[in-house]
Structure formats: C-alpha cells, structure tokens
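Worksheet for the structure shown next.
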Amino acid sequence: MARTISYREALNEALAQEMERDESVIVLGEDNAGGAGSPGEDDAWGGVLGVTKGLYHRFPGRVLDTPISESAFVGAAIGAATRGLRPVAELMFIDFMGVCFDQIFNQAAKFRYMFGGKAETPVVIRTMYGAGLRAAAQHSQALYPIFTHIPGLKVVVPSSPYEAKGLMIQSIRDSDPVIFCEHKAMYDTTGDVPEDSYTIPFGEANVVRDGDDVTVVAIGRMVSVAEEAARELSTSGIEVEIIDPRTTSPLDEETILESVENTGRLVVVDEATPRCNLATDISALVAKEAFGSLRAPIEMVTAPHTPVPFSDALEDLYIPDAQRVANAVKSVAGWTR
Amino acid sequence: MTDTLSTAVSHELDENALLEAYRTMRTIRAFEERLHDEFATGEIPGFVHLYAGEEASATGVCAHLDGRDSIASTHRGHGHCIAKGVDVKAMMAEIYGKKTGSCHGKGGSMHIADLSKGMLGANGIVGGGPPLICGTALAAKQRGTGGVGVAFFGDGASNQGTTLESLNLASVWNLPAIFVAENNGYAEATSSSWSVAADNIADRAAGFGMPGVIVDGFDFFAVHEAAGEAVQRAREGGGPTLIEVKFTRYFGHFEGDQQTYRAKEVAEARAKLDCLKRFRARVTETGQVDAARLDAIDTQVADLIDAAVEEAKAAPKPTAADLETDVYVSY
Amino acid sequence: MGEPAVTVGAVANPASGRDIRRLVAQASVFPTAEKANMVQRLLAAFGTVGVDRALLSTDLGGISAAVLRALHRRRGRDGAWPQVDFCADDEITGTAQDTVNAVRRMVAAEARLIVCLGGDGTARVAAQACGDVPLLALSTGTNNAFPQLREATVAGLAGGLVATAAVSPAIGTRRASVLEVSAGTRTELALVDVCASTERHVGSRALWHPGTLTELFCTFAEPDGIGLSSVAGQLCPSPRSTPDGVALTLAPPDEATWVVHAPIAPGLVAPVGVRSWRPLVPGERVSLGARGGVIAVDGERELELRDETATVLLRADGPRCVDVRAVLAEAARTGLLRVRNPEGSVNDDGHLVHGGQPRAR
C-alpha cells in the first residue's frame, strides 16, 4: 500500500527492509548513529541529515560510526564487500570524494576486471550532492559525472521518494559497486511510496511525462524542475516528453533515442557543470545515433562552469531552474533552418 | 593480566612446517630471480617489482593464516601471493600477460589476486591495501569467522594518509587486523631514513593505541614468532598490531632500475643476512631438518619455475573478445 | 686552549625499547625524543660538576641529531654544558657494533665515565667494551634488570662526581659480577642472568614462555627486580653488592618444588616452576644439563645450541658501576653540592646584611 513519505523516509525504509531481509547488510559512516563514545544518547543523529536514524537500535552491531577517515572506512566497506558483507557506506557529501577517491576508482571499480572476473564487490556508497542549501563550494557539487566516467562503477541518481526506495533496494542487492547520489535539497520532498519492498532495475529510464514536441532528459532533482517547466509549456501548447534515466551508469540509451526519434528535439537538463557532464554525454549519444531524427540543435541546460557560489543571490542563478528549461525548450521547439 | 598474554602458545615448528616454510621462501626467491633474468630479455611487458630478499616476511606471517584470513599486498606482491597459496604457474602466466594467468592477463604483475585464497591482490597504489584490510577484518568480525586481515605495506606507504587512517580505524573498531610494515629501506629511490620522520614505523603504533614491534626481516623465526603473537591476539579479540619488518630488497625498485642511489648493502645482506641461507644453516645445525630434504626442495622448486616459465611462454594471449568482459557482474 | 681535562662518554642506543615485548607484554615504546632529552639532562649535570668535555655517540635514529640541534639552539641562560663532541669516525651499521665502536672511542679518548642509555642488551655490549672505566647504565625501557630507571640529571651528577674524582671510585663505584656463557667457540657475557630454554631459535629474541625454561643463573637477584632474575629474587635473593650469584633448576609448575609468581616481563606475572636452587660462587664453571635449545642472556635469546652443551662461569671482574646513591650520599656528607654563604652575610630574616635587600626566594 502506498502512502506519502519523504525522500529521507523512503531511503531509511529501504535500508531497514534490506537489513531485515539480509544479515550481511551493514551501514557505516560518520555519525550514521552519532554519539559514539559520548556521555549522551546513542543514535543521536542517525546520519547528519537523519537518513539512518533508528537503524542503530533496530539492528544492533550493524550500524557503525566511523572516525572522519573517508579513505579508511570507504576502503573498509569495499574490503568487507569482497568478504561476504553488503556494506552501505555513507560518504557524507559527494564533494568529499577527493579524500577517498582512490579506494573507489582504483580499488572497488577495478577489482572485477583486474582480477579476471573473479571478484564481486557488492558495496553501496551513499552520498549527498547538489546545490540549493547555501552550503557553498565544497558541499554543493553535482559530481556524479566523474563516477559515471569510471568503468566498473554504477551510478544512481534518484529523482523522487519512490525512485529513492526502489533504487536503494536494487543497489544493495546489486553485486557491483554502486554510487548512490542523493540530492540534499530533496530529503524533505514527499511522494507516494509503497510500504512493501520493491526494486527498480538499473539502466531502465522512467518516462516521467509523455509528449510529442520536445524530449527533455533530466537528471536527479532536475526531473522536478523539468516537470515544472513542462506544466508551464503545456499551457502555451508545447508538450514535452520527460525522461529520467535513473542511473547514469548504466544509461538507458534506447529510451532516450526512441523518444528523440519521435520528437526530433532534445534538451538535456543537468545540475553538473557543463564540461564532460551527462548533458554533453547524452547530447553526443543522440548526435551520433539519432542524427537523422534531429530537427533542431540540441540544447543543454546546466550549471555554469564555476564553483558553486555561497550567496543566495548567486546560488539561485547557478542552479538550472524551470524558466531556463522552458526557454531552452522553446528555442528548440521554434527552431527553423 | 595474563589473560592478555599468550603464555600458552608456542611457535615451535615441526619438521613439515619447517620444510613448508623453506619451500615457500625458496619458491619466492626462485620466482623472482627467474623474473629478473627473463625481464632482461624483453619478453615480459610492463612494470615488475621483485620481492627477493624479503621472503621471510610473507612466509613468516602467512604461515599463521588459513582460509578464513585475508591479506592485501603491494606493488611488490609476488611473495605475498605465493605465501598465501596463489598458483605459481598462473602467476607466471599473468606476468607474461597470458589468458591462462591468475587474472586472465587483465591484471599483470601489480594486480595478481586470488580472492578464493583470501588474497586481495597485489596493489598498484601505495597505501591502497590497509583500508581494504580494515574491511576484511570487519567482515570476519561481523560474521564471527575468527579470521584476521593482514595488510602488507612498505615504508613508502607508511607515510600515506590511507595507512594512518586505517591504523586509527582498526584500533577504534578493535579489528582483527595486522599491519605489516615491510621496511626495505627505500620507497622507490628515497631512503626511509629520510622519508619516515618517526625513525621507526613501529613507533607510530603508540599513536594509534596498538602495539608496535620491530623484527629482523631476514630472520624467518623472528617474523614467525612476532606474527604468531599478533595473529593470535587478533583472533582472540585483542585488536590490531603493527609489525615493522626491517630488511633490504635485493633488486631495484622496478626491473630496470639502475639503483645509483644505493650503497653496498645488498651484497652484504646477501652474503651475511640472507633469510634462506640462515634458515638452512640453523635448521640443519640444530638437527631439525636433514640438508638433503632441503636440497630436494630446491630441485623441485627449480623444476616448478622452469615449467611455469615454459608454460607461460607457450600460453595464448587474451583476445579481442576478452577486452570488454568482466567489468561488471551485470550491466 | 689545551686538551680539556675531564672527558666523559655517553652512548645512546636508538634501537632499544622496540622489541617484541611491546606485543607480548605491556612494554612501552621509549621515544627517541626522550632519549635525546636524557642526554641533554646528563649534559646539564656534567656542566654543573665540572666535566670539561662530553663525547657522544652518533646514530641514524635521531638521538644525536636532536642533541646537536639543542646544542645550536642553546642560549647563555640555559646553563653551562661541557664541550660536546660526537664520535663520528666509525661508519654507522645499525647494529650493536655501533655501541662497541662508540665505547672504544670513548675509552681511547680517556673518558673517565661511560654512560650507556638503553636496555640490558645495550648495557651488556657497553660493559664488554668499557674496560675499567666506570659505567653508568641508565634504562631507556621498561624491562631492564641491570640499567637503572633513574632520573638522568641525578645520575649525571653522580657520574660527573666520579669522573672528576670528587668522589673516589672506592666509594662511588662497585664491581659487578658477570656470567660468561660458552658454547663451542662462542662466548657471551650476561650482566644479570643466563637462562636455558628448550626453544630452538633465537627468533624475536625476548623470552616469555616460562614453560620452556630449564636452567637459570643470576649474578644478583633482587626481590623488586623485573625479568627472569625476579624468579630468584622471590625465592633466594642475592644482593648486587656481593660477588655471589644463584643457580636455579627450573621445571614445569606441576613438576616443580616451588612455583614462583614472578614478573618476568612488564605486565606478565607468570608462574615459574623451580625444582632447586643453590648459591653460585665466582670462578665456578657449571655445565648446562640439556643439549640443544637456546641460551638467553639478560632475557634475550642469543645462542642457538647445536648438538652441544654450554657452560656458565660466574666472574667477579665485571664492569665497575657507578653507585648513584652512594656517590650522592658521599656528596651530601662532604658538601660537594652545597656552598655556605660567608658567615654573617645573611640575616635570620633572609635580608643581606649589607645590601638591605630581601633575598630572592
């Protein structure tokens, strides 16, 4: 039975259901319980934004607080995954990948290939990304393109509470390393989520909205921005088809190409900075594989090529919004030779 | 207080155990010396880092390990692989880049692994292994297997943040982990006496709340004893230990290294300190092992290495069909 | 300037305090910085009692470098040190030979005192090289029976007073006994104890499995000692001040006459079985019962026996050791470290008679 819960609650429920189902699932990260070694209460935080709250008492010994040592505990999660556990490690902010990236891209991502197919590393690295909380340059980036670039990693960018739960359960059950990117401005977003456990397969895009005029591919939180733009565009007679790839690796190329073959027009909305991001990647895919179907140049709506600014006046300009998406859609919809 | 101490354990080795230890050390030495020769012919691709001189460390530590236990290694990893039971012929084929190799030719010298043996791989990243071993030790602890994790790393890696983070995490989580710092005097071409500010890597243990000891890395029995104590301590829930093993590597950082930075210590070490020579002298002088049995092992090992090289040379290379396989379990 | 009149030597072992007892017992790491600080405290004491020159060992472990750095950073108000020179002529090998070389250099430079910082092993090596020069062995570890765990400043004052002849050797030093153990052509000296074990190999050197011990010989045995001699210390004490020692036959506890709960290593109080004991007199050579096994001297396995036996000889001609307590008692008796202001120069209330100023307190 579905009921309305938040993105945060959906993730918590996914973790709890999987920990219930499978003893080998453990959760670890900085303050994932909170209060370790302190005189006050245990499970004081349940993660800095409360995603893991309550799991500590429900699953004794399976929610581990860590020192602030991302290399050590992300590496530990990876090592444990090779030896029969299914760890879910929390890299608090995706920006902190800089202090543990080696363990992710040189170790976890490469074990299977480098060892001739003999390794399985079922680790999930949960991490929050994205701008909007005035968290400034080192706590706001949308770095999923960097992980998407690495063979051996799977990258998940859920766009709603429903997606978050189904994709998290799938991530835990998947036998490859998964980078699970949660948008920090979405934790309080609510939506209908079934109580029962369910999975959403990787590499299968969700067609969020049907439309025949322009294809809009949007990543993560940009899906809701695209939906907002679509409602406004619909009133002026432009019907956009919104595609949420759900996972940037693997990427559901087929759904994107089929849609563009129908609409002939593509806008990609990506919160990441513009060089070598998902917008450029999907644009290149479409230009190569569906060139004959294109009836207009491809538009990309992205952040500017700058660090994320702190001031609200600037950060609001930085994040792609519905107006920019609408403008891009109008420009490709109205484009003529 | 005696409950924390292992007064009951003895690390006496029976004849079979002594012969096995000798066989392992001899196999590593023969493997590496042969690679040194073969590399010079130009037939072996890529980077090769040889472990000759350091055999007592891998052998003395791994003698205490079994199927529950896992190790992480370094770019100088052949010795750890052999000591943990990875197939020697498959290793040789891997180094030759052949499809019959441990990793089907996709790993090479720096990435030989056999997870079925608890060998998490040689590792091309200095300091890559210690975090992983925190994880394997955590898995052993969570699953209650009684297993331990051993991270071998060098003096160079002792200065990496990953290593220091791992020492801390292992202590905080009270993990069944053993950190074996193999101090062979040089990180690439930089002397550890210059690069390790603490003078002794073992001294750093105190800062992480664990015992740190130094052992003579040329002495199998010294390594074996210290490792035995550390492994037993870890299995009993006593937590992690840092063991600094001091010795000299016999070859350069990589094959082809002219070693202009080194003094005459290698010739001296080979003559006076060599772990194989000392082992042989001591077990035969004490009457524990008949020299003829060691000679027989020498012959068997030489034959094994000959066969390994021959088979590796003759083996097929991977093909284009192998290029894109085994990136993911499913994709 | 002529050659300084009174020279002393100090050798510090950079490797001590790091052996396997950190793992099998609760021994602590003795940091390099603290060894360097001890050397500096010695120098301060030497400067006070009129030592002219201190000759220090060099090492690659950071001790001599730290002392050199301190030497360069000193200011006038830090008090007088003697002239400091380093033994830098021998190649550093990173082995016990470095201690031997340094002590020989110090003896050749006519040092009147040799201070040795390290454990039992370091003291043993220094004792073999120092000849008749008084030895002051200070502990830089936690498991030492021979070197004293003493504040270096205090020990330095005593050593300095012996070196300058302010206190005579007859009062300030005493001759230690040593045990000479021989097997075949090999000979080792022990300052405290010789112990036979059924273990086969030197291995990681320390000896901490009491069940393997068969025979124990001690130059002295103090009830408050640490290490193997503490077994004898609780059963048949023998003071350092006499040349006699003791010999014990050991056995597994359930086959023994006595079971002694002895602190054989820090944190390790183990039941040690003793079958019999008897006094050991200087000059008596004793054959060990067992063939094979290893012989430990001062708690460290040193000799692996082949198919041969070893003999032990107690000798009364060990190193001449500085008796810190006796030297400083003599200093107190004769007023070596005190000066009395001129009669009547200070009033009872602490004011100078002539200045009218309060005395600094």
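Per-chain residue numbering starts at 1, and chain names A, B and C are given in the order in which the chains are listed.
Keep this in mind: a contact is a pair of C-beta atoms (placed from the backbone, for glycine too) under 8 Å apart; a residue touches a chain by one contact, two chains touch by 3 or more.
Chain by chain, the UniProt names read as follows: A = Pyruvate dehydrogenase E1 component beta subunit; B = Pyruvate dehydrogenase E1 component alpha subunit; C = ATP-NAD kinase.
Keep in mind it's a predicted model, so treat the numbers as computed, not measured.
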Maximum centroid distance from chain C (ATP-NAD kinase), chain identifier (CA atoms): A
Which two chains share the largest set of C-beta contact pairs: A-B
Closest chain to the centre of mass proxy, which here is the mean CA position: B
Averaged-CA centre spacing for the pair chain C (ATP-NAD kinase) and chain A, given as whole angstrom: 66
Between chain C (ATP-NAD kinase) and chain B, distance of the C-alpha-averaged centres to the nearest whole Å: 38
Chain B-touching residues of chain C (ATP-NAD kinase), taken from the complex the two chains share: 14-15, 18-20, 22-26, 28-29, 31-32, 60-62, 199-205, 208-212, 267-270, 292, 304-307
Chain B - residues contacting chain A, complex: 70, 72, 101-107, 111, 113-116, 120-121, 123-125, 128, 130-140, 142-143, 149, 161-162, 165-166, 168-169, 172-173, 325-331
Chain C (ATP-NAD kinase) contact footprint on chain B (complex, rising order): 1-2, 4-7, 9-12, 193, 199-200, 202-203, 205-206, 211-215, 219, 221-222, 224-226, 229-230, 233, 241, 243, 282, 285-288
Complex contacts: residues of chain A adjacent to chain B: 24, 26, 61-62, 64, 66-67, 69, 71-85, 87, 102-103, 106-107, 110-120, 151-152, 154, 174-176, 203, 250
